[in-house]
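Handing you this structure, nothing more for now.
As written, the chains take the letters A, B, C and D, and residue 1 is the first residue of each chain.
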């Protein structure tokens, strides 16, 4: 295998598709969003490319005992009445700094091959606390893209995310801009501690408005409910633990002596 | 030295051999199995290739003061009345992600050179506890290989090993499949804490049935007995330690003085 | 993108300019100094080159939601009545050992292209304690450069900084010397714990004397005042914390009850 | 700079010289020995090559404010009435696994250029405790070299050093053997905690017998005396500390109650 191998699994007839990336990251927001997208639009989508690379961990995943070499996958989606999509998923990120550059360039090569000129990188932005209202934070490769996103409720905040955006999502904007793509990053707020299907839904709802497709959310909401149960149990345990650890309060101390 | 150098130590006349890999890993199951295999079939085997690589640690091992540069070795084995083998051993794994890809491809190159089209990667799967019944867990490069392995008692479990298979064993399946090999991984259950000759025997017994050879197990059983003694002593020490650490209770202290 | 890409943003007419480097480091002394320099000489400076590299972290920074790919920037400055400058800034250092070599050579290539033969690398040297008098410590690529620097108050101390100088600043001296540059490192003393505008001013004042330009320091002094406030508050908090942590002594406990 | 640059500082007329390596390592035994060797034979030695490499840390060392780029140095020594030497020193080892291979090959290239066919790699072997009698442990690239070394008191022990020999010293044997050199490693026993001039002397005394040169040891013995003082102070401090920490003995406890 060379450092990078791209398997042409199939071809597909998509017109000016938008590259939508959802690789693993904070709260699994990007990958949850993209998995749900592919699930809902399954009838209209074709697996077109697999990207193998020595930059991925040297690993196979298993499904019912059958091994599959770590790779990233691109699906072409012909959305009825909407923009065509080229959807990028995978179980792993690159393992080195240079690997992020190498893979992002490979993804943009494939995007170009399919005639794409726009990119949406989906992900999460960690807030450090549980969230009620799921804002979607944005970042763009060019100022001219701000207005369209603000119109559908994407928020642009000074110095957020602090430290910029790292990894493939960041480079899709940075390298994308240098190669002539219009690229935006849509980041759902998420605690950062848990897999977050609600944040993924918030991001997808923005994408629906931007790209004119319609999704059902039943399966994603179910996963959100499961996570709520998990959170509920954690909170219960924490309360019990606190009660057990109860230190004497000022009130208690008054009775000493 | 180039990044990779393959010394042709000797040639050997083997027909459609099966590549059997046993590099160091969990419980040393793979390397114990392969070492035992070579010991028992010593009269029928020839060291054919040494693989040197900058991907190995920059290190020599010593035997009676004489240094040997880290390498992997391939032995051709003409099994009487059974399938011929090409057996891969070595003291070290690659030290980087890319190194695992580089070395696995080199091993598959040599396998091709000797006319091999099948691969068995031997290893251990950690259970975290001491084991009575040594199951052998499997993984295959293609669904069509499942039945033959299930017939000789190999178990295929959902999501096990969790996280897939990392390193040369995993890549022999992943890269092997891409290069047209039929590849399977045979993983003996093992605690993960200790060198485990019993697990190695369990794996070899599966291989015997698959490849039609016969091994004696006296020397491996001896090593297993030695390990039993070690385990016994550890357990004894743990019990004593617990007794000694019994701190005086309030009850005890009442009688001081 | 190749491993290294240099964008020629603009050209500029500078004569025998001096390369002045201020990348991030101890106390941000170098980058504060160079940022202030560019701010004060803004009317006379032109952004001439951007250096992109896979050696930088795979990251975009954000300004008002617009992403910019990590890079280093070189500004040509035509100083009125003084030496022309080529000023090197950036938000990041290389992430690997080899990356420091690669980037330093790229910076020296650009310096040569603009006709530079002298280099000043600006930085901080950590003392481990708060500082009243900000000395500037020096290091040079050639003995012949010592006198001129000593004349303007730069101190050369035995074995300081201990362990030598690591990263781009060090290599500008080491590789610079091999390529025929006269290179010096000017390191302001700084505690090492905080961003230090006062240390940056000390370094710039040395540079003013050496290169015959004049700077105002109002904005840098303001940042220094802000830091003083921060330091004051930290010291206050530490004192309060110590008082609050005073646990009751035996004496105190006697009066309970 | 390329990945590797070799400066031909001077030429020297040596005949069939022996490469003697002493780079930093356990107890600084190798570098102390080689530094002392060069000091004592200063009148007969010439600095012939400097090796610069991106595999070294990106760093300059300082002497009186003047920077010197990290490198390794080779000195040709015309020993009166003895074998000529090619002595390898330096302040740093390579920073990566592959770097050790790259640099060792470069050193062997230079050795070949000067007509060398023998190598002695000097170093220390850690024992974990303070040492009275400094044995010198050996390792060789070929069995035929054992006898000559045993004759001068070098000890060859089963499985020692455990795990083999890592780094340039190990590779000089491993790669050296592959390239036709006769190579040996001489390792002085040393605690592993402290710089150890006595161990360096033990190694040099073996080398004297092998290569027929004579050294004075006054300066090395002085350093050994200094280290003895340091060790004495450490032991004193440890004793005092133990006395202060004295926990009640059984004897003490008898009087409670």
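Convention: a residue touches a chain if its C-beta (ideal position, glycine included) is under 8 Å from a C-beta of that chain, and two chains touch if they have at least 3 such contacts.
Everything quoted here is computed from the prediction, not taken from an experiment.
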_Joint neighbours of chain D and chain A, given as chain labels_ = B, C
*For chain C, which other chain has the most distant CA centre?*
B
*Please state whether the interface between chain C and chain D is built from the same residues or different ones, using more than half shared residue numbers as the mark of same.*
different
*What angle, rounded to the nearest 5°, describes the rotation that places the Cα atoms of chain B on chain D?*
90
*Between chain A and chain C, what is the separation of their C-alpha centroids in Å?*
37
_Distance from chain C to chain B - Cα centre to Cα centre, in angstrom_ = 53
*Numbers and ranges of chain A residues touching at least 2 other chains*: none
*asked:* Can you work out from the touch definition every pair of chains that touches here?
replied: A-B, A-C, B-D, C-D
*Across the complex, what residues on chain D touch chain B?*
97-98, 100-102, 104-105, 138-143, 146, 156-161, 163-168, 170-171, 173-175, 177-178, 183, 185, 256-257
*Mind pulling up the chain B residues that touch chain D in the complex?*
1, 3, 52, 54-62, 64-70, 95-96, 256-257
